[in-house]
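One structure, as structure tokens, below. Some questions next.
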Amino acid sequence: MAELTYREAVAAGIAQEMARDPNVVFLGEDVAAAGGVFKATVGLLEQFGPRRVRDTPISEQAILGAAMGAAMTGLRPIAEIMFSDFLAVCWDIVANEIAKTRYMTAGQVTLPLVIRTANGGGSRFGAQHSQSVENWAMAVPGLKVVAPSNPADVKGLLAAAIRDDDPVVFFEHKSLYAVKGEVPDGEHIERLGTAKVLRDGRDVTVLALAAMVPKALAAAERLAAEHRIEATVIDVRSLVPLDTETILREVVKTGRVATVEENPRLCGWGAEIASIVAEECFWDLDAPIVRITTPHVPLPSADNLEDATVPTVERIVATLRQAID
Amino acid sequence: MAELTYREAVAAGIAQEMARDPNVVFLGEDVAAAGGVFKATVGLLEQFGPRRVRDTPISEQAILGAAMGAAMTGLRPIAEIMFSDFLAVCWDIVANEIAKTRYMTAGQVTLPLVIRTANGGGSRFGAQHSQSVENWAMAVPGLKVVAPSNPADVKGLLAAAIRDDDPVVFFEHKSLYAVKGEVPDGEHIERLGTAKVLRDGRDVTVLALAAMVPKALAAAERLAAEHRIEATVIDVRSLVPLDTETILREVVKTGRVATVEENPRLCGWGAEIASIVAEECFWDLDAPIVRITTPHVPLPSADNLEDATVPTVERIVATLRQAID
Amino acid sequence: MSPRTKTKATSGRNDDIGEATRLGLWRQCLEVRHLEKRAYDLFLQNLIKGTSHLSLGQEAVAAGFGVAMRKDDWSFCTYRGHAHTLVRGASMTGVLGELMGRECGLLGGKGGSMHLTSVEHGAMGSYAIIGAHLPIAIGAAWSAQYRGTDQVAVCFFGDGTTNIGAFHEALNMATVWTLPVVFVCENNLYMEYTPIGEVTAVEHPAADRAGAYGLPGIIVDGNDPDAVFRAAREALAKARAGEGPSLIEAKTYRHSGHSRADPGKYRPDEEVKAWLARDPIPMYRKRLLDFGVKEAVLDAIDAETRAAVDAATEAAKASPEPALAVIERDVWADGGASWRN
Amino acid sequence: MSPRTKTKATSGRNDDIGEATRLGLWRQCLEVRHLEKRAYDLFLQNLIKGTSHLSLGQEAVAAGFGVAMRKDDWSFCTYRGHAHTLVRGASMTGVLGELMGRECGLLGGKGGSMHLTSVEHGAMGSYAIIGAHLPIAIGAAWSAQYRGTDQVAVCFFGDGTTNIGAFHEALNMATVWTLPVVFVCENNLYMEYTPIGEVTAVEHPAADRAGAYGLPGIIVDGNDPDAVFRAAREALAKARAGEGPSLIEAKTYRHSGHSRADPGKYRPDEEVKAWLARDPIPMYRKRLLDFGVKEAVLDAIDAETRAAVDAATEAAKASPEPALAVIERDVWADGGASWRN
């Protein structure tokens, strides 16, 4: 096991797959010579050369269009959209072209490509560089959606996404790039569509994603230490496919469920899971389903405002205490 | 009362407001000389002239950018995006600029504008011209979202949207354009953010939107006639603001709730409502919450495929029967 | 910026094009013409639902490229893409079947008129949202360049498309990466109902912008199969030689309305009349006769293509509706549609 | 396409610009210079979080327009927008306060460095997603045209922005509608870390594209306040006269990295050195002295602007954090944030 940062795990995952498969190529703005604005792709240009690792103009539609056209003709491109907020400038290519083309062509076209993007808040960048838009991607049929919470998952899930024959939107969380963690040596690959139970408790099942995972875990520790509430914590990891098997199994065990979402409230991923639980585990629930989300507002930039807007450990603790009382 | 088609009600709503307020202007592709590709704006050019009713290039970002810039400097623009699928090509202007600017500027900027767009399936146009993307807009803080089901609401809600000081995305349903209905004479205006109870029943509360409203009503009639099941049917009308008061009140009365959604399953508007109900009416529910949606696939184009993909009266009837048994 | 016009005079039967190639152009023009007319008839008979956008009058553009392209080249086109799909070799039955929503359709009834695709023929899709396929085409070109094949991607679009952002992004990146791609703007003077001149800052919507991407402005007579063929041949050779993209503006005119329901009444009568007088099919027929090609040869090809359209119509009519099971197929590469376990 | 260069030789103290205006330019350059330096210091002191993008080295562009614009004109700028916001008259305390996330910030701490806005000064916003504000600026111009005022919208953006789709859409529509808008491309040779020349099909990313929108290509020396002022004055007059948009490319250079954390190491030493030698502030100072302006006059303005920055710094530091209640305010025009009843 080596200790890597989350950002190093990105480069490691890409490098693992580029070394393995010459059809894997990588493009984006400032990704090659500069190693990415988050320094998550440092070294790839040096290792794989300018033919495979390419800087582009500021042309997100061209970036994703190029990725799509290359994928449909035999390559396995990885495209970086620098901030997930910028998915909006190329949303047509994502939602209308990449997501739908296999279906519309009755399977004639296969699109093995990955869109990597830096998601989420915590950097005081303001409302146009801090969004959590994993729910935008989840809402579009034809996209797989992954959001890792730790370096090992970054490498393993990114590798899996690259090998997958379907388009995957891979949400890296900005505020986690500096986080360190153990990453298995040698080839490391995880399975898409699998959630992970990180903590076992009898009182409530807490579902979290990406940067909300460490917060949910911290809250669970506090609830146990201070309030004798034992929470199961699940890292959802993949929104599409969704590991309902694991989620529903754990919800049934505790009879209580809460989601911790960084996306703004309305139509967040937690709403979808809540609706599944409310339909399929209705008789197993002992209490209302609780959603802890960023309120339905754009993200403000000042330190204190941003910190208080995204779910905090304190808010998770307080909400769960109240829900369980 | 005059009988108007849904498409005539669009023109009537716009005309009412343009006649009233010289700051209301209207722009879009083929909207002026041609009266719109759905003929929903026929006559406006003749009535208000080319200064106020303007054809544009195929430049959706420029259309909505122009609307935003005009709104922030004193006009009240109405912009047409021909098909709601095309919101994807200008999603940055919608989701990152129009939705966020008031908040980011702490209220310095006011954006009284309306984005009208033709939404939904039923026309055999295929996956890129048939989407129901009201949930995309609902997911973005800062947008109001309206989707009328009948001519009177088209006129009244469109007028209200134009008078509203916030940006409103106004989803007209393609398959309803030819539908006729009574529209009050004279000035007609409805209140945004209000749902409407269309039918009263004791067994289940059915929530529907736009083209799903007539289907839900037809299903309710069948359930009553054939299965002695009495459904309350609510036309949700407005997703943001959401009339939770009416919705939750009716849900509590019947103890059972179902949503009928044309948007594909994941993160649809029904998921959000289901999560609200599951949190706030948990103890009042007698049965699992049911969602009847388009499955999570792009929309196919062949007659029989498209008809079977979007929720049908038969599917609504069958699902509700099963849910109530 | 003065676009250079590429309509060199043709010299005769055995010039740089030659009779065999010309008969190929003639055949493709007729295939498109007869199939599109049939599509219109089927629409009037209510056997084609949804929408459809015909290339009647614009046949020469598709044919010129169809003949000039290599089998392993790739084409990308729009909702107005029956022609471009056919000329690559896709089956007429597949095309008509798709328009009619039948199981035999190229897409099994899942795509419809606006999305015709036949990957086995290099027809890489018809795209219904303006502009998107220009960036996608550069991706295919990049793939050819990367893998060192000398395939070329050809991307067809309309005049109205030159005003959308994706056009700009694709053209710029194509030049910067020296990609083997040919952009073909079919300037038929109209968007849906609005004249392109009313919404465009320059006279020639594509050619006058070529300079903004370091490219020469090229205009061809889009109603002359020879002119299109020559421009195509040159641009394809340039791309294959690794010399990068081309942008060609082909001036042409659609005979019918924008889409199925449109009678096209917004167009001045004289304009329509003038362009009908330049109908590519009788013009080309006359040229071939002038070159000494036997009338019987031309008529035989005409009869063959008509018969092929008739046969395809019958085959498509006989094909059943798609099975409902396909609704939940082929979202994913595993053939399925499930988003959960 | 040969862009015409607009740097006419300046003639002297009382020429078409005159001393009073020049002192205004001098003052605005210094205000920007000192404020940006202070922003950098505060960042090093960890009093400014998030990111920030300085205009050090590019002051002359903001100043040239700031002085030429009328109070009721509108400006639209980017994340690199402290300069453009200041020159419209926004308060230094408001700018620094916003960078520091304080209650006194122009946006009360809700927007941050990349979104400075002061509607009361016609500073209609800083936009952080490349390209978006070009279409928005045409909307303001449309509004002026519609209401028959002779206000002009001025839109500032970088060289890298010329490759995104929104640029193309906005430029085309501005010409088609003859809108009173001036597009100002500050070509500082780099996007974030990538040289613009490596990703652009033409040499002058804005000027070489002007022809695609029916506009003349205009290049000015963006380090010369007089040159920028003259170009601005001419373009504003053209717009006010109802003669439509202009596109101006101002060649300049940023002295620091792209944003707070970037040391700018990707730039060749000689290049940096050459541009530092053309630092607009000492160059302009020298010109003013050559024209016979007294050193004391220049120094007094320098001292005043430094003092203003110092005072603003203290005021901003003294301002409290925003109240948490503002989180749920001002989503809607009613002042609130509720999405349900």
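Letters A, B, C and D name the chains as they come in the text, with residue numbers starting at 1 for each one.
The criterion applied here is as follows: contacts are C-beta pairs under 8 Å (C-beta built on N, C-alpha and C of every residue); 3 or more make two chains touch, one makes a residue touch a chain.
Keep in mind it's a predicted model, so treat the numbers as computed, not measured.
Summarising the inter-chain layout, the chain whose CA centre lies farthest from the centre of chain C is D.
The interface with the greater count of contacting C-beta pairs, when A-D is set against A-C, is A-C.
With centres taken as mean Cα positions, chain D sits 36 Å from chain A. Inter-chain centre distance (chain B to chain D, centres taken as mean C-alpha positions): 40 Å. Rounded to whole angstrom, the centroid-to-centroid distance between chain A and chain B, based on C-alpha atoms, equals 30 Å. Listed for chain A are residues 56-57, 59-61, 85-86, 88-89, 92, 96, 103-104, 126-128, 141-142, 240, 265-266, 296-298, 300, each touching two or more other chains. Contact of a single residue of chain C with at least two other chains is seen at positions 110-111, 115, 127, 129, 131-132, 163-166, 169, 172-173, 176, 198-200, 326, 331, 337, 339. Considering their complex, residues 74, 76, 107-108, 110-111, 115, 117-120, 124-125, 127, 129, 131-144, 146-147, 153, 165-166, 169-170, 172-173, 176-177, 326, 329-335, 337-341 of chain D touch chain B. Contacts from chain A toward chain B in the complex involve residues 85-86, 88-89, 91-92, 94-96, 99-100, 103-104, 126-128, 135-136, 138-142, 240, 263-272, 274-275, 277-280, 282-283, 285, 287-291, 296-298, 300.
Here chain D touches chain A in the complex through residues 49-51, 101-102, 105, 109-115, 127-132, 160-161, 163-166, 191-194, 198-200, 266, 321-322, 324, 326-328, 331, 337, 339, going by the rule given at the top. Taken together, the chain B residues at the contact with chain D in this complex read 25, 51, 54, 56-57, 59-75, 77, 92-93, 96-97, 101-110, 112, 141-142, 164-166, 193, 240-245, 276. Across the interface of their complex, chain D is touched by residues 29-30, 33-34, 37, 55-61, 85-86, 88-89, 123-129, 265-266, 295-298, 300-305, 308-309 of chain A.
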